[in-house]
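Presented below are the structures under discussion, each in the form of structure tokens.
Shared chain: chain A. Partners: chain B in the first complex, chain C in the second.
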Partner chain A sequence: MTTAAGTKAELEVVGLHKQFNGVPVVNDVSLTLRAGEFLTMLGPSGSGKTTTLRMIAGFEHPDRGEIRLRGQDLTALPVYERGIGMVFQNYALFPHLSALRNIAFPLEMRGVGRTEARRRAMSALEMVELGSQAKKLPKQLSGGQQQRVALARAIVFEPDILLMDEPLGALDKRLRETMQLEIMRITREVGATVVYVTHDQEEALVMSDRIAIYNQGRIEQIGTAQDLYERPTSLFVADFIGESNVLTGHAEPGNGVVRGATWVADVPSSATVTGSGPVSLVVRPEMLRIASGAAPEGRNRLEGRVQEAIYLGGVRKYTVRVADGSLLECRVPRTGTESVLDPGDEVTLSWHPDQVVLLPAAERAEPAERAEPADAGAAA
Partner chain B sequence: MRPVLAKSLLGLLSLLIGLFLILPTLFVVPMSFNGSSSLGLPTRNWTTHWYTTVFTSSQWGEAAWTSVQVGILTVLLATSLGTLIAVALARGTFRGRGVLQALVLSPMIIPVVVVAIGTYMNFVAWGLTGSVLGLALAHTVLALPFVVVAVSAAARQLDQTYELAAASLGARPRTVFRRITLPLLAPGVVAGALFAFVTSWDEVVVALFLSSPDVRTMPVLMWTQVRSQVSPELAAVGTLLVAVSMLSVVGLHLLRKDQNA
Partner chain C sequence: MTAARETGARSATRAARFAARHGWLLVLLPGGLFLLIFFCYPLVTMAVRSLTDPGPQNYTEVATSPVFRQVLVTTLKTAGLTTLVCLALAYPYAYRMSRASARTTTVMMALVLLPFWSSLLVRTFSWTVLLQDTGLINKMLMALGVVDQPLQLIRTSLGVEVGMVHILLPYMVLPLYTAMRRIDPMLVPAAQSLGARPSRAFARVTVPLSMPGVYAGAVLVFVLSLGFYVTPSLLGGPKNTMLGEVIATQVTRFGFGIGSALGMVLLVVTLVTLGALTLLGRAGSLARERTP
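What follows is the complex of A and B.
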């Protein structure tokens, strides 16, 4: 098995299925990781990402499907023989052991001698810059420090795979940003292959080589942050990653246009939608140009009125009500020469046909808010 | 003013209930210092004479030693068995879980005298009457529910993630139990052990059935003495028994406080 990049597959998940009480929570999930890759599973809560992670770790047994580590099937292997490092959302540091002894634990389990285990644990602790806190109990450490100890404990035995389940969920925003960079530095330093679970899209964009977007137990799309943002393959992904304006209309392949109630747009050259029928046009707010006044007739433009103008420092955000009554959002970066508009101004919104994404107008999938036993349990 | 009045009434009521509960017990303390040789409250002369006789008497010494042996053996048996049962009940999803729970807790509800008679009949057949082991086995049955309740409470509060984390770090189930589960349950286990000791230390009904003139616990000897010669010596022994039980309770309290800190 090789990935698209041609390197050997480190972790392969094939056709994974899992139900809880007859409710499918993971539905035919497959993915492949290269050695050293950082993959983030991103999705709303209850979408099956944590359950997938727990199946890779061995805490849950899949109903169907296979998990292979370097070609070896893990499915029947008990947790303690998988050699997979795991960082938990609530850290799960052993409260009765010092930071150092927590980190030495996996080494002792592997028969490493006491002195050697302590020495290696100490160097792992220094790697996360907590060398001076070795003797402290977990409850004497701050949340961020506990998270670092948990990370050190999960990598000290040089596992093939490192799993992280919303490891920064309990930290405040500023600390989270520092820890994101810290985790990236450390996992790169040790060359770990990482599967990371989060529901924070910014975190996913910052940290990942690739992102798998989960929705209702399935992977909607998997790709780099740029793939997902610029070339979403479904409305769910377009909606979930970043903000987007969605225009619905009808494709007219004969004319190469999409026709809406009050507008006509060119079909983007990248479009894969063929045939006529209802389609959605996704336009990112920063790709909408805004100009005051009514525009001459033409394609790829809409007329409207500014409803709201918000100054956000680096950008100005305009909410524009267009002729059919819907609201579109437009972001204009501060350049010093940009025109400033006020609520009530008549404006024209326009876009370049190659900077929009055409998707089939499937009924819009709402993010799953259904409680999922495993996710709920992990969050508690 | 109203709330203050209500509050002081409540305080008074609580105090009265407290006294009602503890006075009969505390009564034996002054009685044990009575200068006259009959059992009663001291009038003029106070003495520690009865403590001297108790501590020098070989009869009381033997009974105390038996009580301690039975108590410790009961603690060992009930605590180890009860801890395992509590973890199984808190974590397991096996068939018959409810039945096991009911069985283990039943000695709390079944009249002690019934347990005593049943145990006696069987132990006579097995030759276990009049032995420290027999007494300890019977007391283990009575102490088990206390251990199970104490440890279950701790086990239910224990976040299972610790055990999952230990497994993911390479620990086999038995190692997880020894290195992670048991240390984290320790406060509950120690509380259970103290309960088990107090249960055995104070127990008289079952012990009456199972004791012999050679092997009898302190409460049994007390009972025998009450029926033959009523002397302040008994009050002295009673005071000592209460003191040991109270020390256990204080120990328990300190343990809880330490845990909450």
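What follows is the complex of A and C.
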């Protein structure tokens, strides 16, 4: 299954379904990967992302659906014939083999001669900058080094697809950040097509070409980080990626406005919501302008009182309690001329109508993160 | 006065500190005393008597007698064969048990431990009931017309093996199971994702990682087999006589001299085997670590 560089594969997942003990864990998941693309599956634990990954790898068999690698259906192939590289959450390095022999393992399994296997394993080891650690056993290596060995082992046989299941979960924050960049460098260097699973949204934003947001076994939205942050199509995505203020009101399409209890807002020009009914306005904290004092009547503004003012270095974070009692968050970058507010100050929050997102409000009723179907997906 | 009190207090704290740091030694005392009185003392006595009762010629007799040499060979052979049979039977069982659900594991563990709940003597006697010429197995075979004469099952090495394997199997299963449980269950899937068929994943990952259990189990079963006495004497014939039986005969009929010498020989053989197996195991894991 080894492919020459340049003719890298394209992965297609079509209508994937999987249940565990009658509980749907993956529900009609479809996605397509371009060759060389880095796709991250992001979602709360138990949302089905790991199960999708395990079905692509061949560890789980889908109840329905197809997985195609460059047009060839993989569904019936056993794990060891798929030629897919995988990096496991706890690395799964062979404790009785040295770093070098761990990396040579997939080559030996493919009948590559001993000397050639060692040579290629050594160059993979050098690529992950561990050339000097070849003879060490996994337990003699640090967590980050083990992670690198696992990565080298998964790419040394030039697989069509590289799957990574929360590979940085066990590392501390600083090392995780270094490894994120390292993984990006290495996967780009070998031109690998990557499917990456994580529940860390920052990691997803840093690393991915595209992100698939999972929720309760479905892909809620798939797109670039910018798409997801600036144009979320559901409250779940708006909540999951970054922070957001959600205002609920009623759409009045006739007047082109949304009316809340204490405010009136213009319908953003990008809005796809038509018809009247309950809606949510999503405003990112950095898009809220804050000014001291009460403002004259008008649209796209709210009055409130500063509840909390936090200095974060580059940014000041204000929590403002508005008239209907809810708390909104506002981030003001340090420019040298920004006004400094204190708790108790009366303020006006305002926004530009094109910098908010209008979404149907209905789904707020079931907060997705809490209503997950047990932990079946995470356990699998 | 005050000075004396101070020194008193100081030595008291020193004693307290000593107790805190080395107090755990006290808990070793009962066990240590027990071993000293009931193990070390008899062992030394035996060593002394083997040389003095009537003299060191005990060893010359042991070394030159063809009977004793034959018995030693039989003992080693029987122990070796028992170890291999136990390993062959226990390995798949322990593997299955290490990969089973919690409930199945409990049931399988109970089945392994079941024999421990009845006496060795009772189990050996039940084997004589089963294996003898007029025993259950022969009666059944003859009733079914498979054979017209009873098979010689008892007083053969087969009988001895059946009895010994039955008794020693748990000692092989338990260390194997412990070693296999320690193997990260993700390793075999990982090997498969790297292109290993299930059989190769087993050979390249599971087998080498279960070797500590194989060594532990093999040592345990082999060493216990060397000292077996009741089972070979009840289920075996004269050809299957093992060292334990000879020692018993010597001691009861002729006194302690030669018996003690034989005992010392058995002890040395056991220690040498243990040492050799340990070196072998260490060399094996070293070789694995050294190969880059």
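Assume the second predicted complex is superposed on the first by the 355 of 380 C-alpha atoms of A that agree within 3 Å, B and C clash if a C-alpha of one lies under 4 Å from a C-alpha of the other, contacts with A are read in each partner's own complex, and residues count from 1 in each chain.
Keep this in mind: contacts are C-beta pairs under 8 Å (C-beta built on N, C-alpha and C of every residue); 3 or more make two chains touch, one makes a residue touch a chain.
Quick caveat: nothing in here was measured; it's all calculated off a predicted structure.
In the model built by aligning both structures on chain A, chain B clashes with chain C. Once chain A of one complex is fitted onto chain A of the other, the partner contacts of A:Pro44 are absent, as it touches neither chain B nor chain C. Looking at the shared chain after the overlay, A:Ala134 reaches chain C, while chain B stays out of its contact range. Residue contacts after overlaying the shared chain place A:Gly249 against neither chain B nor chain C. Contacts of A:Gly260 after superposition on the shared chain: neither chain B nor chain C is touched.
Of the two partner chains placed by superposition, chain B and chain C are both touched by A:Pro95. Once chain A of one complex is fitted onto chain A of the other, the partner contacts of A:Val79 extend to both chain B and chain C. Touch criterion not met for A:Gly65: it reaches neither chain B nor chain C.
In the superposition on chain A, the residues of chain A contacting both chain B and chain C are 57-59, 78-80, 82-86, 88, 90, 92, 94-96, 105-106, 109-110, 153-154, 157. The touching residues of chain C, when paired with chain A in their complex, are 184, 186-187, 189-198, 200-201, 204-205, 208-209, 285, 288-292.
Residues 57-59, 78-80, 82-86, 88, 90, 92, 94-98, 100-101, 105-106, 109-110, 118, 134-135, 137, 153-154, 157 of chain A touch chain C in their complex. The touching residues of chain A, when paired with chain B in their complex, are 57-59, 78-86, 88, 90, 92, 94-96, 105-106, 109-110, 153-154, 157, 378. Taken together, the chain B residues at the contact with chain A in this complex read 159, 161-162, 164-173, 175, 179-180, 183-184.
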